[in-house]
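Have a look at this one before I ask anything.
Letters A, B, C and D mark the chains as written, and numbering starts fresh at 1 in each.
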Amino acid sequence: MKELKIGVIGSGSTYAPELIDGFIKRREELNVKQVVMMDVDSERLEITGNLARRMVKRAGMDTEIILTTNRREALDGASFVVTQVRVGLMEGRARDEKIPLEFGILGQETTGPGGFAMALRTIPVMLETAREMEELSPEGWMINFTNPSGLITEALSRYSKMQMIGLCNVPITYLMRFAKLYNVSVEHIYMDYFGLNHLTWMRKVYLDGKDITAEVTERILEGDAQDLLGFPFNKSMVRSLGMLPGGYLQYFYHRDRILEKQLTSGNRAEQVMKIDRELLELYSDPDLNEKPAILDQRGGAWYSDAACALISAIANDKKEIHIVNTRNKGALGGLPNDVVVEVPAMVNSAGPHPLVMGELPLGIRGLVQVVKTYEQLTVEAAVHGSREQALLALANHPLVPTVDIAEKLLDRILEENKAFLPQFYH
Amino acid sequence: MKELKIGVIGSGSTYAPELIDGFIKRREELNVKQVVMMDVDSERLEITGNLARRMVKRAGMDTEIILTTNRREALDGASFVVTQVRVGLMEGRARDEKIPLEFGILGQETTGPGGFAMALRTIPVMLETAREMEELSPEGWMINFTNPSGLITEALSRYSKMQMIGLCNVPITYLMRFAKLYNVSVEHIYMDYFGLNHLTWMRKVYLDGKDITAEVTERILEGDAQDLLGFPFNKSMVRSLGMLPGGYLQYFYHRDRILEKQLTSGNRAEQVMKIDRELLELYSDPDLNEKPAILDQRGGAWYSDAACALISAIANDKKEIHIVNTRNKGALGGLPNDVVVEVPAMVNSAGPHPLVMGELPLGIRGLVQVVKTYEQLTVEAAVHGSREQALLALANHPLVPTVDIAEKLLDRILEENKAFLPQFYH
Amino acid sequence: MKELKIGVIGSGSTYAPELIDGFIKRREELNVKQVVMMDVDSERLEITGNLARRMVKRAGMDTEIILTTNRREALDGASFVVTQVRVGLMEGRARDEKIPLEFGILGQETTGPGGFAMALRTIPVMLETAREMEELSPEGWMINFTNPSGLITEALSRYSKMQMIGLCNVPITYLMRFAKLYNVSVEHIYMDYFGLNHLTWMRKVYLDGKDITAEVTERILEGDAQDLLGFPFNKSMVRSLGMLPGGYLQYFYHRDRILEKQLTSGNRAEQVMKIDRELLELYSDPDLNEKPAILDQRGGAWYSDAACALISAIANDKKEIHIVNTRNKGALGGLPNDVVVEVPAMVNSAGPHPLVMGELPLGIRGLVQVVKTYEQLTVEAAVHGSREQALLALANHPLVPTVDIAEKLLDRILEENKAFLPQFYH
Amino acid sequence: MKELKIGVIGSGSTYAPELIDGFIKRREELNVKQVVMMDVDSERLEITGNLARRMVKRAGMDTEIILTTNRREALDGASFVVTQVRVGLMEGRARDEKIPLEFGILGQETTGPGGFAMALRTIPVMLETAREMEELSPEGWMINFTNPSGLITEALSRYSKMQMIGLCNVPITYLMRFAKLYNVSVEHIYMDYFGLNHLTWMRKVYLDGKDITAEVTERILEGDAQDLLGFPFNKSMVRSLGMLPGGYLQYFYHRDRILEKQLTSGNRAEQVMKIDRELLELYSDPDLNEKPAILDQRGGAWYSDAACALISAIANDKKEIHIVNTRNKGALGGLPNDVVVEVPAMVNSAGPHPLVMGELPLGIRGLVQVVKTYEQLTVEAAVHGSREQALLALANHPLVPTVDIAEKLLDRILEENKAFLPQFYH
């Protein structure tokens, strides 16, 4: 079995132990010789890194855990680089979620103006990382979890030659939920699933090859699985579509319900920051040498499973089907060939090979196309520091109602994120 | 010169005299032997028809004017059929403009839910007309002015084999305005102009072959032509686009400004009805034997010019460039080949041949794509009487903010238009 | 395990025992309850059918073997229908191979004018079969081996709604050869393989995920594997392509070498007929209850493996990669979406899902496009009995040097196959 | 009227007086201030240049005629640059026509291996010219007549940013012939015409807007216009196509007839050289001050008309339809957007705007696609000096029967043209 060096950029994240847990669980198929955990915050890194060392030790593995604040050290010669950075930290996220509300627009980490702001901050950093990988680990694969994942993958696929895959935990989350609903393990479920990152639909769901879409739709709409999608979508819409919308569609289909909730309840970022502090405290316990059970309860569940399974599919040439973010190349009709889409792909040692999904169904075509247009404009704006492209991006986003608002919103975002947007302030 | 029979469906319209005036002005190049004026309202028809007769007589022409309430009579053997019907009459339009306001959405005759309702009522009637033309005048050309013109042309091009062109007076209106601004006749101006009906942009404007786009943009944004576009668009947006938006873009880019105005001012349909009554009274004057000068002041100015010029281009094999609604066939990249677009086309005896316009610019691509998706869904809904397609159509429209609202809006529209929507109530 | 009924159309073929052998070998994963062996030649059927019964009995299986000359009986309720018919029998093939030689063109069963003639005879019969399946086994899958397989699949995919996959033993043959060369079992080899049936290239060959294309190319061109492709292709061409041509490319790249050989040696059909008679005699031996070892030595080796593996992938929802003939839908750029191509596809219970292969490399693009054009024209000719389309088909084929020859060749083919071409003689 | 400077590259050609004649005939619409006649052969230039001066003087025009061997002088500030160079001179053409015959392939100046050799010699020189125009006359338009015109335009459109149009005298020749057949002036004829340079079809022919295709086809096939196409094409083929093939199709459809004639008759290049010498002698007569009538009898008739009409369409913003070689951009479905095609285009001051022609008809699709593939490969070979791409180009050409012949032919062509192919011998 080939010895692997894994670089983890953003290892101070409280998600890091999940990844280590994933390598431990897959020790029979992944020979992880070294994990280089890198983060700019050495204090957090100390905490997550030491937990990682205790976990590996408890598992009786000899995987070397290296802690560093030097990104190049993590990338150098890496077989795989897992990226999960947050430029601007949680404070940035909090701003991203608050500013849109001032304009009557919902605030969300990855969707709408919030995701737009995050992309402007993050794309330059990720491009820099990609350039370093081109130099230091040209044979390696970047597995990107950094959000907004679709936009990051779009930018890197367009402006870097490095091998990369964008990953999201939404597909695996639904697979797991269907598996649980039918009391089977996840291999028994298959989804005909496609779209853009955080803008996806399930056209078909199969249980052991049997099409259960109609049945599962009824269980979701009227029956015992009303929580499955994560949001009570308008039933007529779901039936008219003939497909199941992924949870993030709530922000498009039901923006008013979300906005109302956000205006009355607290900020999501603040809740997450609180959990984050609690987790770090928990991780600091020198007696803790396992992934804490509590982790399974928050948003990123199964996150490590998706990443480790994908790494194994490449490392072991598995020819498995994974749902990933990768170049379209004809998989989804109605979108250009050179943009990034989220589709099932056969993954082997040569990377992801998307399955042909056919023309976008008419009922969702326009929405997918307009969001992709927004994404391409955002990437251009972020890479070139162009206010013009940035305005066009926001003005084209379905959640931004008017051009006048787009302009004011852009001014606010650029102003509030000034410290992180050198490309706009040169 | 070939003798022409012209059928005019909806001849009770107060626009009809403009068309007659157009034939009179082009008597040297169009040998109009017969105009069959058809309308379901024989009283109105009597008024407009008699005026037409007086106009022809005064011009010393021997064109025969036939009045009929039988559509087949107007279509039978026609060289050209001009259609300008209004299913549900002005009362329908008034409803179309009012219902959306109940949901906080702007009400407009052709754009948004108003245009959607109008399309549901009108498409079946126009399809019936097309079927009759296939039978009665298979060699003839339909020149459609019936609104919403883009949707009607989309429906007829998809579900009929008849030869047809969708026409709009917006392109000629801009040509005229640029000509006036530069004090030249209209032949000196050329526009690189494209999009969908009532969703168009001018990429370039030329004066005698010289690119005056930048200059004209500044005159519009900051100078002496601030009224030219018909709306004071956000200046940053116009500069970022690098193109001039057609006036109907106000309903997308500045919906809030429109909505505010509509909520405080009266209904457009009511104003138009008032003008309409006044015009009919005027037309009834047995001494009137010319197109009244007052006509030039309202929205449909130059309407007859566009139609007559187009008829002449076909009848006389002129190989002229006209901006028309016709099948895409590759003219606009980013849209399917089989949908209708509004683009410049070389028009000769074989009809319109669109010019290749290249890929949709990124700054407008998504909006054009999502509106076309909405149009295709609306056509399916209107033709098949499908509530599912109708819901998807409305839910996909950029002006409809949420799916819940789309559903309620659809219920209201179907209910209020029940008398005109047999396809939904069978 | 689901009980399967398999219909085998053309069961009098000496290939039939291979298929039975395949079911026996896969008894653990395929529960074949019934095999209905159908052939129009009851004498041959008696021989192959009785051998099948002895084979099943020896294996201790309770699979029911039914013999019939009634096709509908074989199709009725079948889970899978394997088709391997030969309209015009071996005598037809002999003619297909001889007539082109009269015009200085190589004679080949599936490629060029020979394949064209075979397609004209066979497409109507296969379409009839497809129509019956639509009626009698709408849920079933047709696995087609009938040659010319690409043309048959093109015709059926265009003119029938039945579920079908076209299969060829060339891909599996190469997989087996690479496996043998590297002394591994076939699962260790993966090919990036694409084109049209009998017009394919291997872009990449992988051993356990490692790209061995360059190495294997040198072994083939200069080393110890010079027989692997089945033909000594021009080395400069192989190197310029940067891909390995499938054996059938010999008929395009080296037509002169083939023609010379054919003009001096005997007819391939006659050799096959001789083997065929010998095999039937062998099969008649009542003591024979296994697939005779001699079968492995002729062209169709591993044929049953490909079919049974594909049946199992569908029946057991395996999500395996198989190389099949199926609708393009965007898999191969440079060809229309609605034509049939030969590409790797993920096969599960819902059938084949092609992998996106990207744009056709320039070095082969034109050849693939012109052969596909020929195929589409041939299908139109065969279905509609059109001499015009037939002439265009032949005149477009790269092996037919001039239009005058195409015309004479067409006359000869139509004349000689008159008895089998009712569509041209009505 | 704007003053024009015209550069003519290759002015020693005996075609040059035709161009001067064209400017004289269009003096009312083209204000040609200066013609800079450039040629590397100063002796020939002296002869054609002095004739040009006498012609201008006789016409009473004050156009300045400048003779130079310095290309940059001709390009500097030119409004239009007409290029008609012949790298390797007539001796090169003679070789191009002879070498293929050694391999049993017809020899033709622009088609097949002859055109291929010419392209390898000519593309680098034309690219150099284009680079100089980018520097010296970035606002100017190159009108290219240099053969093989399609390949040159493909190369320049791909590797230069200069404004250019490829022109051919075939379309205007057919327009003239139809006009003569119907005794009308050329404006009364319109052709629906498309393909690649020297590989074109007339789908429709119109007389004053009336479709006369069927009638004209019968006159050509059976009646009084059997010489019109310039070759007696196979009648069944023409009828099956439902379109009229351009004369150059003879080399594809009837290569055997051509080859036979070439093997028995003299070389075309030698005949042309003889005429060329006679013409130069004629031109030297100091009393000659008009275009000699004899010019109208040879191949390039109306050549100046096409060029001058095109120049006038741009200079005077005429919005006329001209058939030109330009980027596809969606005009011809079935070809990439970025390749050069020969199609009708609306020509105004901004250059050519192709008309949408729809999908390539099936009966010609493959041939057009394979020749375009050959062209793209040839351009890559010529630009990069790649033997691999050169072999693929020849091997893909429909006239080259086998890969082995392609290889030998390539060796001969590279060897014989060594002096002109520095890119292959560095």
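Quick note on the criterion: a residue touches a chain if its C-beta (ideal position, glycine included) is under 8 Å from a C-beta of that chain, and two chains touch if they have at least 3 such contacts.
Here the structure is a predicted model, which is why all the values come from computation and not from measurement.
**Q** Is it true that over half of the residue numbers where chain C touches chain D are used by both copies, so same, or is it different?
**A** Mostly the same residues form this interface, as more than half of the numbers used are common to both chains.
**Q** The A-B interface: which of A-C, C-D or B-D repeats it, judged by over half of the contact pairs being the same residue numbers?
**A** C-D
**Q** Among the chains, which is located farthest from chain C on the basis of C-alpha centroids?
**A** B
**Q** Roughly how far is chain B from chain C, centre to centre by C-alpha average, rounded to an integer in Å?
**A** Centres of chain B and chain C (C-alpha means) sit 55 Å apart.
**Q** If you average the CA atoms of chain B and of chain D, how far apart do the two points sit, in angstrom?
**A** Comparing mean C-alpha positions, chain D is 44 Å from chain B.
**Q** Quick check: what residues of chain A touch more than one other chain, meaning two or more?
**A** As it turns out, chain A has no residue touching two or more other chains.
**Q** Identify every two-chain combination in which the chains touch.
**A** Result for touching pairs of chains: A-B, A-C, B-D, C-D.
**Q** Quick check on the complex: what are the chain A residues that touch chain C?
**A** 190, 192, 204, 206, 208-211, 316-317, 319-321, 329-331, 333, 337, 344, 346, 348-350, 353-356, 358
**Q** Over in the complex, which chain D residues touch chain C? Could you list them?
**A** Contact set of chain D toward chain C: 233-234, 236-237, 239-241, 253-257, 334, 336, 362-363, 365-367, 369-374, 376-377, 380, 387-389, 391-392, 395-396, 398, 401-407.
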